[in-house]
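Structures for review follow.
Presented sequentially are two complexes of chain A, the first with chain B as partner and the second with chain C.
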Partner chain A sequence: MVDLAILSQALPAIGTAAVVTVALTLAASLISLVVGALSAAVQLGGGPIGYALSRTYVSLMRGTPLFVQLLVVYYGLPPIGIRGQAFLAAALAIGLNSGAYTTEILRAAILAVPRGQLEAATTIGLTWGKIWRRIVLPQAFVTSLPMLTAEFTIVLKSTPLASVIAVTEMTYTGVLIQSRTYSASEVFLTIAVGYILIAQVLMRLSRSLERRTRRLRF
Partner chain B sequence: MPVSAIRAEGVSMDFGSLRVLHGINVDVSEGEVVAVLGPSGSGKSTLLRCLSWLTPPTEGAVYLQGERLGVAVAPDGRQSRLSAAKLARQRSRIGMVFQSFNLWPHLTVLGNITEGPVQVLGLRPGEARERAMTILETVGLAAKASAYPATLSGGQQQRVAIARALAMQPELLLFDEPTSSLDPELVGEVLDVIELLAARRTTMVVVTHEIAFASEAATRVIFMDGGRIVEDTLPATFFRDPAEERSRRFLERTLRRYAQFGSHRSAEG
Partner chain C sequence: MDWSDIIPYLPDLARGFLKSIEIALLSAATALVTALLLTLASATGNAIVRAIVAAYTEIILGLPILVLLYVIYFVLPKFGVRFDETTAGVLTLTLYYSPYLAEAIRGAVAAVPVGQVEAARMIGLGELSILARIVVPQALALMIPSATGILIGLVKDTAILSVISVEEFAYVTKQVVSHTYAPFETWTLVAAVYWVTLALFETLMRGLERRLSRFRPKVEFH
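For the complex of A and B:
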């Protein structure tokens, strides 16, 4: 059944595409983390306007399909002068979408930081920004590491949607190969294994991070 | 004339419709050690939090070395809220130690102590570490510099919290029941540190239930009840001959409990 000749021909292309998938996952996760941290900070410490902004962002992202968001971003970039940047559009769309979930994850972890610690920081004379950056977020990051890993695994599994705007990540590459060779099972099974491997690396990384931050747990 | 370290003028505090502080006037001079006593719910913590502008009072003013906290007064007398940066700087001049230590668990002991000096006072990390180590010697915890708070006993954590406050070289220290959440056998080591500071004539306001500490180390006793200062006098006067019926009853109750469980000091020595 499985045609090894076709597979060995296809592997280099799938390998290159895997790099794109990893890059897209990392870029989108980074955007998700930065946007999520900002959004959570603004929601909890930015007064009524910050709260409203952050809640609106979260419900917009959660209330519309990622597929649609991807198209909106992709076709929204050229009018602001950014053309032919499918990868950037995909990273932005997936990252912004995930940022809504990261907001919620970090929000919960931030609220779990005891109030007394913030009061101590206030009496020391730390200002709002420094309290966030140096006291709240480091702890929130540590406590939410398992949840963030799960979220970034979802990011990885969202990357195939980027094929709709012709980003040559793994799934799109698989579709291209399959349309030339008509050997669907070889190609897509290989790709599935590829996703599992990447997810494994992600989880290993997270677990070693967790181990290294365990002494900071309380 | 003694220099006023901190002064509250007509400080009132409301939580919703509940008034928990009623126009408090108090003036603490440099070098004074004021013990604040009073039943639970009498407003002791709230007063300390107002004095440090951690929770600004509903009414009234607080002056740190004569400087108005939290309020900018223009030359023409007009008042406006002080900028966040300036307020933070004012707060950094008042050290506060909490019942629950409130150390930052993701930082080492040294990290907890150097955070303020580096981030607020702008000390170089090396300078801040040196300062922190000197203070850690004072509180007897130099060996724990690289430990994380979670690995320390309550008494050690509270001494680190005191060290953290001291590292800012504050003009005065406020303590809110610093030994109340400690196991009895750990109370002594924290009181020893506070008494050492008292001997060095550090200006302090200490909310406490430790009668022995109040009568021996304090230079002044304030007794609060129902959001008011009921008595403000010398420790000797307060403990021997309280002027008010309320203080008398409070003392009787506290001393009875004391006789039952004993002084932590006598338990120790």
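For the complex of A and C:
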């Protein structure tokens, strides 16, 4: 039922595709972090318009399937002159989707910084920029770290959806091999193990990061 | 492109939408029951049962739902277990979401103050009525916010079932797009329908939470 010869033939291709999966995870996570930080900043300090914009973005991203968002982005790019960029479309769609969750994580972390510290900082004459840079953001980053790495594990688990727009990451490669060789068990069980392993690496990295940044907490 | 090109296909889209709702309701029900069984198994079972539940949870946490779907739909038949598309889809959603829902149930039960249970024992209530009249009603209200988030994920993931040709909303949309040649407009319309539906679901659940927690005393902890 599991043919080892087929498995050994398929492994190099799956290995190469695993690199694409990791690259897509990193690209989408980066987009998520940047967009999430901007959206959280606009929501907390952008007045009523910024607040409404950010809330609409979060609600829209959380209220529609990523599968649908992926296709909207994929078919929305060619009219603005970007063609044949499936990887870019996937990174954008997954990143924008995850950015909504990152917004909420960062917002909560920023609001968790004790008010007294802000009052104290204002009292000793720190400027607004300095308060953000040296008091709010470093602490918010440390408190949000476990949630953020959990979010990036979810990003990893979303990357297989890129297979519907033919990004040759692990799952799409699996589908291609399977349609050529009819070796579903070898291929899909292998990539299942592949995802679980990458997720384990991510979760361990997260735990060690959390341990290392704990001393930064006040 | 003219949006009116989509109009002739609205009945098809509506059919797909209803199929999605049907799959979502069925999967949510089976996932909730499975989650309850998982919670009970890890609460009362022996060490081996607990280890199995823990391993299952760990695997699901690292496994993308699309890969789980492929394993159930393409790999299991090789071992003689065959399902039709809809059953494979419902099974995937159930297996994937039940550990998350089990966590929500566990968290809600743990959040019911232990002092209340002790007090109930002191005044002579039986274990069953403690469960039925003190723990469950409060845990139900407490689990709604997290369960809502998880169930919204479940509803959204019904769209993934289109890759194995379950004729739900996203699948029908793909077919409609192949007739209208208006992918961007059609997918945007479909996204809007998902959005409104899920916003409605969220509002309903918030109402349910208010209703279920109407007996909760307003206590300030800070």
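Here is the rule we go by: the second predicted complex is superposed on the first by the 203 of 218 C-alpha atoms of A that agree within 3 Å, B and C clash if a C-alpha of one lies under 4 Å from a C-alpha of the other, contacts with A are read in each partner's own complex, and residues count from 1 in each chain.
One rule holds in what follows: a residue touches a chain if its C-beta (ideal position, glycine included) is under 8 Å from a C-beta of that chain, and two chains touch if they have at least 3 such contacts.
Keep in mind that what you see is a predicted model, and the values were worked out from it rather than measured.
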Chain B versus chain C as contact partner of A:62, first or second or both or neither: second
Touching partner for A:111 - first (chain B), second (chain C), both, neither: neither
Which superposed partner A:128 touches (first chain B, second chain C, both, neither): first
Touched partner set for A:142, first chain B, second chain C, both or neither: first
Contacts of A:82 with chain B and chain C, given as first, second, both or neither: neither
Partner chain(s) touched by A:120 [first = chain B, second = chain C, both, neither]: first
In the superposition, chain B vs chain C on chain A residues touched: C
Common interface residues of chain A - those touching chain B in one complex and chain C in the other: none
Interfacial residue positions of chain A with respect to chain B in the complex: 114, 116-117, 119-128, 130, 134-135, 138-139, 142, 215-218
Complex interface listing, chain B residues touching chain A: 52, 54, 84-85, 88-96, 98, 100, 102-106, 115-116, 119-120, 148-150, 161, 164-165, 168
Chain C residues within the chain A interface of the complex: 59, 61-68, 70-71, 74-75, 77-79, 152, 156-160, 162-163, 170, 183-184, 187-188, 190-191, 194-195, 198-199
Of chain A, residues touching chain C in the complex: 1, 59-60, 62-69, 71-72, 75-76, 79, 153, 156-161, 163-164, 171, 174-175, 178, 184-185, 188-189, 191-192, 195-200, 203
